[in-house]
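Just so it is clear, A, B, C and D label the chains in written order, and each chain counts residues from 1 on its own.
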């Protein structure tokens, strides 16, 4: 590293996750106290870097934010500087405005930038690095589906929220002898469903990586009834899919039946159980509750470690890298290893094997 | 009271609610310890009374159940003895099987019966009383919409669950500058939405008692944006309705647009906000999470007081009555006063007035 | 009311309680939005009024504080303007500095002042009112021992914290067959112990209003053992007292035994149980955890209602009054009715009777 | 493995920890469903093995226990079969009764035994194994101070309880400008204090591994005051020690001052801060709350994995081993590696380094 670091930038991108504020706090504290740096926070993801929405952040700005969900910097899923929407002659077009990013970096005399984000934001971070920017990354996704790190912060909190929901559904399932279906996040990877299913005592777990057969699900429900357990709990990742393609149900529209997809996969599963068994079934879709709330102790610690490590990464000049949890250690990996390919649940994953040994069904 | 009470029956009916087990425990402890009675628990609501599913309940059976959601007796929304479904010549018919109830009461030598339930179960209790059974009632509904009592147990817990959900949605709303919509229970009465809206800092509360104008909702969202509050939180009772009748949206079905109701009212409101503003909007439907979980301290105390009072009511021979909270006192009212008409939110209710003074919009 | 109200002052006094911020928020929102007033917040209780530590508070200052414990205005148990400590010739003396309060009220052109506090702060508020200040009060104490209101905000949250602690102690008590003692707040009144004892399923409740006999406590523990319940849960208010005066234990100090009071009453009770039975006993002192944390939904609503009502009280010119909960209604009472005498638990209180019917022992 | 396994035994020993029930459930489910074994549960730790308190455990016995704290088998810190207390001629003596263990194992035809416990219980397990018993171990301690495993179950829950306590103390510390001291478990190792201190935003962390200088603690408190942060949060492990030996304070006893140790180290630190600064200080001792309550999702998953793995270990004939977490994998290590030496916090531990970079003081 030839040039001394004096000022660093910071932004949060993509969907919000519990622990973002803990990273921000750790970055600011470490940068200011430990290294005497100035920290510039860019607001609303890459949007703030494009539109020059920025402010200096001192220790007072991060006081009290450790236990709070969300991000005080704001975030967005939009505003990719390499693919930015503009109106041209009444038509929407996408253009490269990444030069503006470099201008604003220059205006604020930022020597290096920390990007906290998931696959999308870290991909942009990599592109910016390839174009010459000093960037380091911090991996974030509640889905835990990012490659090159054992765990992302936000996942433990989302898992906790889903597990608490299963606890609540248990009592109502038992009391009413019902089949309760909980749909959780996980469009491409089933980590939340898998882990919450084990932690919450589910009987069936349906994940995108293991296409299911509804008849096998029903078989499990009926087996339990036969052994006098008159209720069942099913966790479904939003991206779970039946083996025989997507499910539609017939629905009366204007006097004739039409094939319609009724809501998410949770609704579909519940509907089929009611149709094919004598059980009542109810579905709960957790949705954005999984992104909210105070981060768990685990996530606060992981996020704090990531924040400290990201500043150290800059001081070491390891640009183009992302902090990463490997076992119990924080290391770093090239951004290129982290993005582009989601980390799916392997069929021989230890949680899958644990679930099978407990008798949990994956609907196959 | 001419005949000495020696054995009492107990059942829980209708949808489950946090606190049912607390009532059961208080009934058994008071009956056994205080009065030396025998308690017979009938299982699965009135179904157990019809099909003679019953067991004696001692103190050991209720040990440890105070903090648990649900009901150890089981419950159901079905099995009305005066309107019981039977198959006759391949057709479903409804018949009066209430004689079986009296037979089973007689078999177990039950001198008086405690029915814990909502409007439906207490209506049946009243009919049974009119037909000669010694019945007392305990009011239960998470919706708090039962007449003749200031509060039902289960409501405070449901309110707490909804408020915690609002806390979680707040952080994501702020971070993303979104409009977050939370749909809560309340088909005919908006108590949960109203109370949770105040406790959770909502900007808009939509309840069945106040039909709303979506343009007024949007006006509120835009006002906030104009004063630099870029997010809004909306609580919608599931039974909330627009002033101009039910809302349908146009949806492409087989090549042409058809009017379709997309899910619940929460989805409708979120969809309209996205259509009519530049804001992103997301909806969460809490559903059965509101019925589950460990009861709050408030609900445990109220449920315990109700259980103790119900046994006292029997010892006083006040059959045909239900225990009731009036201010801070437990009294009793005739079952007839309690059922038949739901307690809706009056427009001059103190919480409505409080909300208005805080600037919360009801969409009117 | 002859003079138009344009500016109001606000302070929080005494020990902090969950819900203080909810009152502050409601006062500011109602005052600013509803009536177009200016709100001046005085910091750190009456200290800020004496030392002129004040700032204008707008809606942005109270954004997001509803779910947060503590008070953004700061508070203290000290700084009574009628009894203010000053150093005179090396000696500490107490003097009347209330004129400074009037000066600062005048400097900020405050037309009326809202004091949120317990017995101590409201007594000062009354004195200031008698000396000519336009004051209204909002009752606050987690102990719920204030006269002239059915409930103070903060109590439900403290009760919830104590109940959750009892839930946690239950599992360890059962697993180890121990007697677990929980000491909760309540120096002069046993409301928290009483309510938490019922909500948390305690076997013994010891409160200041009912001096206890340790032999009766032990009798209860042994009775449970005899009926095969090998653990017991005891809740003790910090102000609970044995019938035969305070308890000391003999302790070896410098070679001879001396009478020493070992910690609080919880420790004393646990020690005596270990000495007089064959049971292990452990004590937990909740302490300041009971003052902290996010207020419950109940407390947020009550605090919000109080805040709105306090502003209305000012607009109605009802100075020298305090808002008060009567049943489910908010009314107002003269400050003189509220202070001076703590509201203790009457022996015929409904919770006491409920506890007795459940078989809970008060150690008598 | 020469002999087929048909019946296995199971016991829980030492202090209870959240997750014990999750292990029990996983053992029973895996043993019964997966391998068709019979499971015998011995009650109250090694006591049940000595006194033949045992019962067969089927799937119904473990239904619903996953989210519950404690252990349905009971546990105790006493009853070491190699050092068992008996009365001989009015004197207490310790004798070896391990033969009784072998008798009872034989009576129940148990082929192998699973011992879930901490250092003490696993040491006994190793002795029994050396004497010829087929034993496997599962590591349990909320203190996380067991060698040969990265994490024990129960720790994450204890950490969560301590972190939530710090969150609650924060609001009261801020409101009152106080120094709040939280004493947590950790007699010999400071893992809970260290992790909770980071997760809860503490300013000072005092652990047994780093003897502290109270003047350095006070220096930190004063530094914060000087930079306008008028409160501080201190976490103290119960085994933390000052550099200059144990702390006593002078106390008036019978007219003269005597050196007395006032309660735990938390009290000592709080007292010294009040004596040596102008700050008010309050101490909270979490005590057994840290052992109680529903296990976190993390602990439920870890405990479940351990339970499944312990049965697999038996089926593989790996007696004398204990299941162990290494990074994200469950492996096994000889019991001898696990016991005898506690795992203390190394001074170059990553959490220690993280804390230092954040500016947290260890009082040195």
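Just so it is clear, contacts are C-beta pairs under 8 Å (C-beta built on N, C-alpha and C of every residue); 3 or more make two chains touch, one makes a residue touch a chain.
From a predicted model like this one, the values you see are computed outputs, not experimental measurements.
Enquirer: Figure out the least number of contact steps between chain B and chain D, where 1 means they touch directly.
Expert: Minimal hop count between chain B and chain D: 2.
Enquirer: Determine the set of chains touching chain B that also touch chain C.
Expert: Chains that touch both chain B and chain C, as defined above, do not exist here.
Enquirer: Quick one: superpose chain C on chain D by CA and send over the rotation angle as a multiple of 5°.
Expert: Result for this pair is 180 degrees.
Enquirer: Taking each chain's centre as its mean C-alpha position, how far apart are chain A and chain B in Å?
Expert: One centre to the other, that is 34 Å.
Enquirer: Could you work out how far the Cα centre of chain A sits from that of chain C, in whole Å?
Expert: 41
Enquirer: Where in chain B do residues touch two or more other chains at once?
Expert: Answer for chain B, listing residues that touch two or more other chains: 167, 170, 174.
Enquirer: Would you mind writing out the residues of chain C in touch with chain B in their complex?
Expert: Within the complex, chain C touches chain B at residues 26, 29-30, 33-34, 63-64, 66-67, 150, 156, 159-160, 162-163, 167, 170, 174, 195-196, 198-201, 229, 294, 296-298, 300-301, 304-305, 308, 312, 326-330, 350-351, 354, 357-359.
Enquirer: Mind listing the chain D positions that touch chain C in their complex?
Expert: Contacts found on chain D: 12, 15-16, 18, 20, 44, 68-71, 74-76, 161, 164-165, 167-172, 174-177, 180, 253-254, 258, 260, 263, 282-289, 291-293.
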